[in-house]
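Shared chain: chain A. Partners: chain B in the first complex, chain C in the second.
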Partner chain A sequence: MIPFKFEYYKPDTLKEAFDLYDYIKGQGKTPLYYGGGSEIITMSRANNLHMDAVIDLKGIPECCRIEMLDNKLIIGSAVTLSQISESGLFPLLGQTAARIADHTVQCRLTIGGNICGTIIYKETLLPLMICESRAVIYGKNGKREVQINQIFDKKLRLMPGEILSEIITDSNYLSFPYVHVKKTKSDKIAYPLLTVAAIKKDNNIKIAFSGLENHPFRSREIESFINGENMSDDDKINRIIGFQQSKVLDDAEGSSCYRTFVLKNTLENTLKMLEKVK
Partner chain B sequence: MTILGNDILRKEAWNKVDGTAKYNIDEDVKSILHAKMLTSTYAHAEILSVDVTEALKEEGVKSILTGKDCNLLFGDFIDDRPSLATDRVRYYGEPVALVVADCEQTAHRAVNMIRVDYRKLPAVNSVSDALKEGAPLIHENLMSYNLKSKYVYPQRNSNIFHVVKIRKGDMNAGWNKSKVVVEGSFRLPQADHAAMEVRNARAEILSDGTVIINTSTQAPFNIKENLSKYFKIDEGKIVVHTPLVGGAFGGKAAVYLEILAYLASRSVGGRPVKVSDSREEDICSAPCKMGLEAKIKLGADDSGIIKAAEMTFLIDGGAYSTISCRLAKAIAVDCSGPYNIDNLQCDCLGVYTNHTYSTSFRGFSHAEHAFCMERMMDKLALKLGLDPLEIRSRNAVSTGHSSPTQVKITRSNTGDLTACIEKLKTIIDWDEGNKIELGNGKVRTKGVGCFWKTSDSPTDAASGVLLTFNSDGSININCGVVEIGSGSKTVLAQIIAERLKMPLSKINVSMNVNTQTSPLHWKTVASMSTYMAGNAALRAADDLIMQLKTAGASIIKCSTEALDVADMRVYLKEDPAIYVHFRDIVHGIKDTNGNATQGHIFGRGSYIMSRLTELAQETGTGKAGSSWTLGAQAVEIEFDRTDYTYRFVRAAAVIDMGRTLNPKTAKGLIMGGMNMGLGLGSREEFLYGEDGVMKSTSFRTYKMMRYGENPEYIVDFVETPDLSAPFGARGMAEHGIIGIPGALGNAISLAVDTDIDMLPSTPEYIWNKVRSLK
Partner chain C sequence: MIKISDTSIIELDVNGEKRKVVAEPSDTLLYTLRTELNLTGAKPGCENGDCGACTVIVDGWSVKSCIVLTVEMIGHKITTIEGLKNAPIQKAFVEKWGFQCGFCTSGFIMVCHALAEQHPEADEYVTEEWLQSNLCRCTSYQEIKEAVTSILHP
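Showing the complex of A and B:
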């Protein structure tokens, strides 16, 4: 139960949503864009979040579509994780989405919410980072398209009121060999100790991580170690560990020491699996 | 007749399946007020001030209670707990204020507006810290508290609220006879009951002073007695209603929200008020499963026979003692496990910490004790090179032995552990070996754990059953057992049907308990419903039979001895064609001319535990329960040595049931217990920060077993009748949990060749333990 009162809006267009946000803000109130609502509801009832209005994006066609168009996969930000995995259009993203929370919750969680929310893991970003996906952002000057890897730096760098409306991925990326590994504290359905997503493009490995730091990331250094020539897997892994160790997260899900052990283990498996996939 | 021993659908099954069954939390009451708690944000702090001024201004707020509004202290053995914290908070989540408002939202908003000034105090974050010299005293006035029993022994200037001692045999002789000695230290965290229906209660005070409580509880009669005693209300003026309970597991045996609901209603002129835990409050504010630290030392001869044992158990009772005194007693009483130990010394201490306070939990401290003891049995087996089940068989308690509290062991009062072990060997394929390498770093291992448990009820625990007839001759059962999901009311119907030799469909059970009309039943705890209420039911049935025969004899014109009862008829034994139907006599006998004689027939039966005694303070001698239920369990896992993860393959239990009255329900209960045991063994724990603030206050961080993670469950029975029990049936509702954490610990220890002596056994803990020994 949410103890405070708030307004609810469900606009039909991105422009309406953006203007509404601006208008509410102008009245000195706090608006929030609303996708699946799972984070807003749980945080509000626990007194960790307060808003005066929510603007539901699920009435906006662009935000709700998932389709292939001109060799591009377009996923709206209000598309749910279960829609993504059930569509089968982006197997790596589908597999990643299917390991976030449980099925009931996956039917509520949206990809936009997973990327823009306060949760530190944002696992759906991993496939998008390594597949060079682009974000469509609606703002003051209408739509613009930006590389996810550019606009995401610890968080999605949006201007106030800007809306993540769609995510675009070139279709050739959807068929590269991939690996997804999620390691948790104990049960299958939990926050990650470590989630790794990797693809192999022309023998070049692209890899991204969640759970290692307090945000997901793809690292040029780590990829250069992994793709280094004339290096054994052990050498590669030791270099990655040496590079990453001091930054590893330490919390109730797992100590940094243990997470580092899991990283080492998972990298071994990931590299082995990537060798096998063609 | 084939009523006993068959799979009988629970009487309430279909209503539960289609959702028409109502739990206390489901009831919507018109114009009821809602109460919401403000809880402590510190584990240990002085309350400097509570400012409710702003909150009171919120529209819709009817009253706000703080500790000053009720200066009583509550407890089960020691009155040490305020309803709302007064000058001090002793755990994170402790209720500090209570807002009563016209809706839940308003109450919640007003709670957010209350300002509390605290002065933080150092928190006692473990039992070992609590016992350190100079540890902060959590209850400075411990020695001046009212003790409700003379068998409770708080220790001056300490955080120890109770001590139970066992002294049996001659320790020196025992150690002298021991060729090998093994030692172990154990630590287990507190955990949550996690019932689906969170704790909730409603209270209303009528203008004639009658107090009506509707609550989700295991102890409606106890609530009535407690409210009467503390608030000086005539017991007859308090009526407690309890419908079906949506899960309890011991967590609803404590009197908790009922007190707050009563105070809330009293503060608004008796209007009905509802108070309900949020899930977070149900985890951190309401009482939980105890934590435990233990040390055990076992000595045995060459053949593995235990000659001496020395044990210390420190119970993390949390901030308030409630039922923990009895939790300590329960460990002491059964501290040997289901094994014969002639020379035995055990100290069991109830200790205060700045944690959530502890209460009963499925297994009543036996699952925690058994983890330690069963790990010890495996350590001993390993040291002697003996098979883990063989060493358990050799030490199995049996006729001629005596229990830790020196109760004589008979076949009837304990059952047959060896038979359970033999059967377990078959169903878990013990002969194929308990450790099988699978390659790729994987290994499949099996761990075992045995248990026994007695009831540890008060010496005067009582139960009763009332039976009334409908005009068609069908029967209604009224008893004070709460249906908490164990199907015990259906078993009572089976018992009545069996005794009266009539169809089960003609026996109706009132699922609701009303303390004004239902006969007293101590509490629905300790797996004692079938034993106690079942014995009462048999007496009530016999009472009916006697009256039916008397009525029948007057019509058939014979002696009562010539008659018997079956199929809802009273018939002449020598010629069953001569009979009267129940419907013609149960509501009085009517002649053709209209004259009526006799009255309507109803049956009564009561039962009280007999020959139980309190324990002697220095030696522990005494009898804590009428009999034991014992069994043998195994857990099989597939362990991955590369990353220290594991999955459950199979879990098995063989329990000496005495007599299995409803096999499928029994199997379901035992599997449920096993599932909880795997949860405790593998993941469930309360995590506290260094400052004693709980970190695991929601199901995001408090991990539980999920459907699909469970192993294949195999449950089988041995039947050695308990001659004091209805049809020989032993209590078994809790028991599935008891041996499982130990069996899991043994399986993991075997997989990594390292002692796993802490719970939960998460991959990180196992990794750390193995690493630390390299």
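Showing the complex of A and C:
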């Protein structure tokens, strides 16, 4: 049971949702967009979150679509993780989604909720970062399209009331060789100690991480070490560890030493796997 | 647009019947099923989306009813364990001893039933993925897996 009252709205259009948010906010109340609701419900139940209204995005057609259009894959923010993995349209994203929470929860979690929520891992972002995906944001002036790598800086930088409506990925990125590794402390279903997603494009490796810092990231420095010429894998990995070590997360899920150890052997395997493919 | 601001009477489609229930936006589906509709097969376990004891089927897919709002269910088809009438998985659980204390049983049966409906050809990998959504503190996992495998691959 959620221990407080709130209102429920399910608008049919992005404009209706945005206007509603604005209106409720204007009354001095707290509205929240609602995707799968799993984070909102679990945090409210524990009194860690309070809102006066939820605005369910699942009635908005743009937010619910998943389709290929003009060589672009468009995924609505209210599309669930299991819809993404079952569709088979974006294998790396599908594999990443299939390792978040458990299968039944994946039938509720939305990609928008995973990206916009407060839980730090946001694993679906990793494929989107390395595949140069774009976010469609709806706000005061209608829709705008922006690179995920620009708008995500530790968190998705949305203006108040803005809605993440869709995510667009060019189709050529969907078929590059890839690696996805998720390592957890003990159980298979758990938050990551480390999740790595990498692709190889034109002989260059693009790589992103979750669990290593308190937000997911892709780092140009790390990519420049990995793609540096005339260096052994050991040298590359040592340089990455040296660069990253002081920033590695240290918490109950895993100490920074342990996470660094996991990073080292995960990188070794990732590089080996991607070196084999052209 | 659907708008529900306070306690309201809404219509749900549960086990093939249209049922009117009194609900407020803050009610979870689990709460409404158990207290409004007296359908107590879905169990409150962790109430945090972890254990799966409250699993029901919505539009063919397994869902943890503790992390769904009742009002979200308007226009969707809900099936609870009470709505399964001699489904093959129920018989298989009995034959393979797929339970001990029974608290998690209805949740597991709903997951297995949804799997059999969605992926009747599911291999061992897919079956395990689905089963990992639920916890059985008596550790009947092996027998539960045997039960679902016996209906998927008789």
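As a working rule, the second predicted complex is superposed on the first by the 277 of 278 C-alpha atoms of A that agree within 3 Å, B and C clash if a C-alpha of one lies under 4 Å from a C-alpha of the other, contacts with A are read in each partner's own complex, and residues count from 1 in each chain.
Everything that follows uses one rule, which is that a residue touches a chain if its C-beta (ideal position, glycine included) is under 8 Å from a C-beta of that chain, and two chains touch if they have at least 3 such contacts.
Computed from a predicted structure; not experimentally measured.
K.L.:
Check whether A:H103 is in contact with chain B, with chain C, with both or with neither, and answer first, second, both or neither.
P.N.:
second
K.L.:
Considering only touches as defined above, state whether A:K140 meets chain B (first), chain C (second), both or neither.
P.N.:
Neither chain B nor chain C is touched by A:K140.
K.L.:
I'd like to know which partner A:K276 touches here: chain B for first, chain C for second, both or neither.
P.N.:
neither
K.L.:
Per the contact definition in the header, classify A:F4: touching chain B only (first), chain C only (second), both, or neither.
P.N.:
Both: A:F4 reaches chain B and chain C.
K.L.:
Touching A:R220, do we find chain B (first), chain C (second), both, or neither?
P.N.:
neither
K.L.:
Return first, second, both or neither, reflecting whether A:S82 touches chain B, chain C, both chains, or no partner chain.
P.N.:
A:S82 contacts chain C only, not chain B.
K.L.:
Examine A:K188 and indicate which partner it touches, taking first as chain B and second as chain C; both and neither are also allowed.
P.N.:
After superposing on A, A:K188 lies in contact with both chain B and chain C.
K.L.:
Who touches more of chain A, chain B or chain C?
P.N.:
In the superposed model, C touches more residues of chain A.
K.L.:
Taking the contacts chain A makes with chain B in one complex and with chain C in the other, which residues are shared?
P.N.:
Correct list for chain A: 1-4, 45, 102, 188-189.
K.L.:
Mind pulling up the chain B residues that touch chain A in the complex?
P.N.:
Going through chain B, the ones touching chain A are 104-105, 108-109, 112, 278, 280, 642-643, 682-683, 687, 695-696, 700-701, 703-706, 708-709, 760, 762-764, 767-768.
K.L.:
In the complex of these two chains, what residues of chain C are touching chain A?
P.N.:
By the definition above, chain C touches chain A via 1-6, 24-28, 31, 47-49, 52, 55, 61-64, 66-69, 71-72, 111, 129-130, 132-134.
K.L.:
Mind listing the chain A positions that touch chain B in their complex?
P.N.:
Counting only chain A, the residues touching chain B are 1-4, 45-47, 102, 183, 185-191, 252, 254-255, 258, 261-262, 265.
K.L.:
Enumerate the contact residues on chain A facing chain C in the complex.
P.N.:
Those in contact with chain C are residues 1-12, 16, 36-38, 41-42, 44-45, 54, 56, 58-59, 82, 98, 101-105, 107-108, 188-189.
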